[in-house]
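Structures incoming, each one as structure tokens.
There are two complexes below, and they share subunit A, which is joined by subunit B in the first and by subunit C in the second.
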Partner chain A sequence: MKLLLLLAAAACAAAQSFSQRGFLESTGVFYPQTAPNDSGLAVGESLFRYEAFYKLTDLRFAAGIDARFDTHQQTDRSLDPSWFDRTRRRQPLAVRTFNATYTHGKLTFEAGKQLIRWGKADILTPTDRFAPSDFLNVVESDFLPITAARLTYGTQSNTIDLVFEPRLTPSRIPLLNQRWGTPIPIAEAAPDFPGAPQYGARWNHIGAAAEFSFSFYNGFDHLPLFRLTPAFALQRFYPQLRMYGADAAIPLGPVTVKSEAAYFTSTNPQSDEYVLYVLQLERQAGEWSFVAGYAGQAVTDHRSTLGYSPIRGFTRSIVAHASYTIDTNRSISVDAVIHQNGQGEWVRAQYTQAFGQHWRATAGFAIIRGNAADFIGQYNRNSHALLTLRYSF
Partner chain B sequence: MKCPLAAILPLTVQLGFCQLAMPSWLVPYPGATAEIRNFQAYLEAGYATSASPGAVVDHYRKLFESANLPFQPNSDGIGTNIRGAAAECDLLISIRSQAAGTAVRVSCAEKSPQYNEAVTTTTSRPTPVRRAARTAQNPQPSSDEILTRHQQKVAELGIHRTYEDAPAPPLVWPAWLVDMNHTHPPLASGVDKSGHEFLRARYITSSPMTAIRALYTDLLRANGYTINSSSISTGHTVSGIQQNANGHVEGYTYPDGTPGPRTEIRVHFSRSHLNDPIEVDMRFTTFAFVAARRQF
Partner chain C sequence: MSRSLLVLVTLSLYAQDPRQIVEESQRRGRSNSQRYEGVLEVIAADGKTSSKSWQSFRLGSYGNSKAVIRFTTPAEVKGVALLVLNHPDRASDQWMWTPAIGRDRRIALQDRSTRFFGTDFSFEDLEERDVDQYDFRLLGEDPIDGAPCWRIESRPRQTKTSQYTLSHLWIRKDNYVAAQYENFIKDQLVRRLHAADIQNVQGIWTARTLEMADLRRKSRTILRMQKLAYNVPLKDDEFTVQALRREQ
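Moving on to the complex of A and B:
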């Protein structure tokens, strides 16, 4: 009996350092119009995410998996594992996080599969170089984890962040034969992934008047360029990329000014050199939150070949976000990106309501309008309604 | 095969390298002259114009409309692409903004390979009854039909075909083969030990050797060349300091398909002393195809 009591006590002690969370989410996306290369009007997606954490004194382990399925074959039907998320489609079973974190004083070292976000802007973040995305649905994208080692040294006013990523995790671009791809599909050759590592550093300073940071990245673009193979198929490749970035947030009484800019250079003869920048104003008023700004682009050296870059495609735009928290269970939000030439507009509205401790429903719609030759406007047949039901635990 | 684009493809037609024919209605933007390149499965015309990208897109819109083809431009976030299925070939037109004007590439392929990831919006399988009905609609072909189709395929794929000697591709320096500053160094011509004529360009650069190799590897690959050899090796001083000393990148392509005449580019780079600038030596050689000596 004594032994049983001891075991029970040990189990309780272990439970204090172990935590877990997760959710099961089902989403329906409904398109009122067919696209030239996609007759589907409804797509169902389900995602089960489970994350577990185990903490020792200075050491913390995290592991998480994503299990997903959809009705539109955006998720692979085979269970072949892919650690680096380099597959063309989503993986039915993928490792979301798997890392160890060691903390000692002001020093934190995290190694393994993790999410790393840089930058301060909201809708477009040019310096966010370690955050590839899943663009199978261009306007409802999600970030992909990367495998990296991250060393952070932080004081109250200064933080230095060093990141080393041994192998590129590319962004997942739209399937060429679906509505977010090209109107007339073309064959794809096996992609040409770079083998070299990438690394970056960021210094963030919180001053009395403003918070700002400078960042540097050297590696590869996680968005591809294309070359035509001799057999007339498109082959993705990921050009070398170097980024010099800066961002700042300056509180000015009623509003906060946020700005972020990055200069991208490349030794690749087909890759443009360019500057992306964002200037935005933020204001909190009661339960309201407003963000409005401009995302711009200036190409300093034109060398382009075929490619795919939603990040650049969303620039030269007025960007806006507004949200209102109705109460602890309900909120609404509106996002908009409008190209300065008026050729492409995307507006999304969402309403979210929680039911009890575990359930949350989200309903919304996105309207896309514009010219077919414009990056946003070309998706003018992809306006959609969206309904999500999530059970969290 | 005819070459209706003779106005902009004189070189191609004269030298007999035309396997494909661009649609006669697909002319470059007014005032522009296209440079043509042949690849294994497609033909590419490239040109630059001082017009804006919007004007160029509009130019192609009118051409497509006059040819009664659906005009479906799309943006990839960097520029505009247009795909089209003309009677003569499948088209891929890339329109890119430049510092002053627009760069255009028109690719014309005999037939695009089908997209290699078929997607349907349903996962349901047809029932046996439906499958039987479909079989009744499309009965199995007879052995004669299968044989005829086989012979057609053999002819289309060029199996068992006889080969003939072909002259070397024209000895014209590729416009894309540039130096580290993206300019064209002065050219010289020569003849190698085997009697093959070549063009040569040499220049000095202070760029790192790894960057030189990366540039030419990318350039060759991007222009349809297969890299068959590439290296960087180090040397050291008397006191033991090591540094990249020499290297090369070599690639080849068969512009008219293989077997056939081929083009070879070899870029050699080297330095003699520690921290010296690097001398880059680019050589462009073309080879005729001699069929009589080969057995297939």
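Moving on to the complex of A and C:
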């Protein structure tokens, strides 16, 4: 009897330490125009994400998976599970998170597959170096987790973050045979991934009047440059990269000013050296939320001839976000990136409505216009409408 | 007899000082920590209702406390959390953690009038302020739900730190529980917080149901506190921005 009571108590305690969440989301994307390398006008995709958390005093464990499928061959049809996310296409089964966290006083140590976000800006974050993304659809990107060890030490006001990533997880770039990719007349060779690790450090200060941080990263760019192989094939490679960054958030009367800047250098002779910076103002008023700013780029040493970087491609732009909460269940939002030279612009509007405790529907459209020589403008045939239905649990 | 009379007179004078009434109310509500599970019912102007729930943890008491509110339902906001660090001499600091994007965001002072995640509580309504941050004036006596109360006007000393120009609060004479707040912007009554289901929990008189009405939107939110407990063991390092991410 005592044993039964003990087991019941243990089960109860375990249940209190376990939590889970996830969703099943299906999206239809509808394009009114065909693209030179893609005659399809509609893409359907579904994503199931499940994350579980278990807490054991000072130890925490997290595990999560992504299972996905689409109608447009953006997802591999092989069911091999993926750990490092280095595949050209998305994996039907991928490990989203799998990590352990140990906390002792001011120290937190986290190891395994995890999402690591640096920086304070919202629309473009130059210092966010441990956050590769899935850019298959360029404007609808999602962050990819990395395999890393992360040590955080400090109090609320001052923290130091040390990150070691033994193996680069690259960003996923558009597929060449689909509408977001650039059609090229030559074959694509197997990519040349770096073998060395990357590491970084960030000091963050939270003060009464402002927050700021300084960061350093040494490793490789998660976005590729291209080179021609002797067999005349195009090969992706990921150049060495070093970053010196800073970010700050300063509440000033009517608005909060956020700024973020990073200087990138490289030992690779094909890689540019440049500065990316963002200055944004944000304000919430009643049911409205506004963010507006400028994302800039200054190339200090121009070397590269061929590369692919949506992060740099979205700079030299006015960036803006506005949202309005209609009521508890409904909201609308508008995002925009407009190049300062007027050669490229992307505007997205979305309406979202929740139904009960689990369902949410989102309908929206994105307009992309501009010159084919411009990073955004090159996608001027990819304006689209989308409809998403999500069941969360 | 004369001693009893002296005590009565002293109590009477003491009770007429609005600042001391509020101080006494806060003193009686003091605990080392508090934990509860909140069930929220949001009722829109058209009568449509939606429900949410959160877990609330608080360390310390009025003026210098730290609190974390973490949503548990609906499913799509599960894990969203708010950290509130209250200060004795100024407005609180607040950060919100959104697990879907893996980012924390500081809620600037000028943004505190915004509704908190679709409820009728604003971010400012979730902070606790020390008596030293207000000037008080006794307006008289006025019963709430049949219980005799002192009606007190409070005005923030640093006007820029609050969306409200002034508040009226009703403090019950029998147990010093704040039974109602009315918050004004200029002369307009904008929010009313009504406390009900007042119970003695571990020696502390506590309103277990709070109803916040937004009189401009004509909507209201009812918060019911379940599994309420005081003086539970909580660690200081659970109330940091780092902990928001860690405890997702």
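Here, the second predicted complex is superposed on the first by the 380 of 393 C-alpha atoms of A that agree within 3 Å, B and C clash if a C-alpha of one lies under 4 Å from a C-alpha of the other, contacts with A are read in each partner's own complex, and residues count from 1 in each chain.
Methods note: a residue touches a chain if its C-beta (ideal position, glycine included) is under 8 Å from a C-beta of that chain, and two chains touch if they have at least 3 such contacts.
Bear in mind that the values here come from a model prediction, so they are computed numbers and not experimental data.
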item	value
Contacts of A:Thr152 with subunit B and subunit C, given as first, second, both or neither	second
Touched partner set for A:Phe23, first subunit B, second subunit C, both or neither	second
Which superposed partner A:Leu276 touches (first subunit B, second subunit C, both, neither)	neither
Touched partner set for A:Glu211, first subunit B, second subunit C, both or neither	second
Which superposed partner A:Ala35 touches (first subunit B, second subunit C, both, neither)	neither
Which of subunit B and subunit C A:Arg88 touches, first, second, both or neither	first
Which superposed partner A:Gly286 touches (first subunit B, second subunit C, both, neither)	second
Partner chain in contact with A:Ala233 - subunit B first, subunit C second, else both or neither	first
Residues of subunit A contacting subunit B in one complex and subunit C in the other	none
In the complex, subunit B residues that touch subunit A	39-42, 44, 57, 72-81, 83-85, 90, 92, 94, 96-99, 103, 107, 109, 112-123, 178, 182, 211, 214-215, 218-219, 221-222, 224, 253
Touching residues (chain side subunit A, partner subunit C) in the complex	19, 21, 23, 53, 55, 60, 62, 101, 103, 105-106, 108, 115-117, 143, 152, 154-156, 159, 206, 208, 211, 249, 251, 253-256, 282-287, 289, 325, 327-329, 354, 356-358, 360, 390, 392-393
Interface residues, subunit A side, partner subunit B - complex	36, 38-40, 43, 71-73, 88-89, 175-178, 182-188, 192, 227-233, 239-240, 267-270, 272, 299, 301-314, 372-375, 377-378
Residue ranges of subunit C touching subunit A (in the complex, touch as defined)	42, 44, 48, 50-51, 73-76, 78-79, 85, 90, 93, 101-103, 106, 108-111, 113-115, 118-119, 219, 237, 239-242, 246-248
